[in-house]
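Have a look at the structure below before the remarks.
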Amino acid sequence: EKNTGSDVWLPTLVTETPQEGFALAIKLARMGVKSTQSDKEVLFREREKYSQDADSLIHASEVIAAYFQTVAAANNYWK
Amino acid sequence: EKNTGSDVWLPTLVTETPQEGFALAIKLARMGVKSTQSDKEVLFREREKYSQDADSLIHASEVIAAYFQTVAAANNYWK
Amino acid sequence: EKNTGSDVWLPTLVTETPQEGFALAIKLARMGVKSTQSDKEVLFREREKYSQDADSLIHASEVIAAYFQTVAAANNYWK
Amino acid sequence: EKNTGSDVWLPTLVTETPQEGFALAIKLARMGVKSTQSDKEVLFREREKYSQDADSLIHASEVIAAYFQTVAAANNYWK
Amino acid sequence: EKNTGSDVWLPTLVTETPQEGFALAIKLARMGVKSTQSDKEVLFREREKYSQDADSLIHASEVIAAYFQTVAAANNYWK
Amino acid sequence: EKNTGSDVWLPTLVTETPQEGFALAIKLARMGVKSTQSDKEVLFREREKYSQDADSLIHASEVIAAYFQTVAAANNYWK
């Protein structure tokens, strides 16, 4: 899995605030999609669809919650 | 992820009571949706749909449960 | 999230027994639905539907499991 | 949630072996369904359906996994 | 849950390596299905279906992930 | 589960960086699919389908998140 040379987009899970941790969870959720489909046109086309559909939006929030669990634990809940 | 200047909506995961923790989990679930779709009209239209459908309502509760796991751990289960 | 004045339905996550913890997880799952849809008529109508459908019933149990994880951890697994 | 008088079906999360822990997770998953729908006829009818469908069977295993996480942690993984 | 006499298929969650832990998670996922549907013909018929469908295959991996979380924690992540 | 002789693809859960941990989570998600369906033609055909569909892409990211929770905990969040 050594991806030397390719860009470093995830240097750390540590953030200063819970809000930045939530933003990182959103980024992780999106990278999970991009790692499966990197074609921007497909992503743009599909975004038009899922961002207009309640169940897809609820599902997207669920994915963010799963990553946020990890980021929050990584930051000891910013206590 | 530094969102300086933009409004601070998540200063902390700490709440005084489990009930406030549950309310924060609901807020996180909704922010997960808003971070994906910020258009209020779309959100309002879709809310009309999902809030009338059993499976969507069960799914919404599932997302709240995922955030509540994090908030409860952050507060050491208010013990 | 301060809901002063409104009724206190979640004073604590602590219960005496695992069975009471399971009952609390069921209550949390239902409050997750009610926080999204408070209209009793809609809830009653939809209950008729999902309580007759296998996949919805499996999904409901899944949501209870997510809350039960939190309640069980909050009670140190009643050991 | 005090269910005094009603039968005690969940005295403890502790089991002697992982296999008994898995059996308890199955029982919890089924009680999650029964707490939502107690009518045996409906459960029997729906069981005929979901036990014949791949996605429902995968979903049922997923629910058992969520309860097994809790039971395994409660037993310190039977180490 | 005492299943004395029936075969012992889950003596322990401990494995020597992460790869064996992953194999155990796959076994647990399949036992979760078998505990719900033991009829080999039904399982074979349905396997033909879900093993040919992307969403079912993604869902199967998700179930393995939930069991792998438990097996990995049981083995202290093989550190 | 002893798979002596077969190739060793998961020697450890330890990685040097969060980004490598994320890559390992993607690999685990894919191995979860391959363990269920090893036929490359089927996988290639189905990839064409799910990589073009928003809900499948969101679901794929959710599966990666579940494995990433385990990998991150295994690496003590790379702190």
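The chains carry the letters A, B, C, D, E and F, assigned in the order they are written, with residues numbered from 1 in each.
Here is the rule we go by: a residue touches a chain if its C-beta (ideal position, glycine included) is under 8 Å from a C-beta of that chain, and two chains touch if they have at least 3 such contacts.
No experiment lies behind these values; they were computed from the predicted model shown.
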Item to check | For chain E, the least number of touch steps when starting out from chain D | outcome: 1
Next on the checklist: Return the chains shared as contacts by chain A and chain F, ordered by label.
Outcome noted: none
Checklist entry - How would the chain B/chain C interface be labelled, same or different, where same requires over half of its residue numbers to be shared? => result different
Checklist entry - Most remote chain relative to chain A, going by C-alpha centroids? => result D
Item to check | Intercentroid distance (Cα basis), chain F paired with chain B, Å | outcome: 28
Checklist entry - CA centre of chain E versus CA centre of chain F: separation in Å? => result 16
Next on the checklist: Can you list every residue of chain B that touches 2 or more other chains, as numbers and ranges?
Outcome noted: 50, 55, 59-60, 62, 66, 69, 73
Checklist entry - Connecting every touching chain pair, does the picture come out as line, ring, star, complete or other? => result ring
Item to check | Chain order around the ring, beginning at chain C and proceeding next to chain D | outcome: C, D, E, F, A, B
Item to check | Residues of chain C defined as touching chain D within the complex | outcome: 15, 17-20, 22-24, 26-27, 50-55, 57-62, 64-66, 68-69, 72-73, 77-79
Item to check | Complex contact set, residues of chain F against chain E | outcome: 1-3, 8-14, 28-33, 35-37, 42, 46-47, 49-50, 55-56, 59-60, 62-63, 66-67, 69-70, 73-74
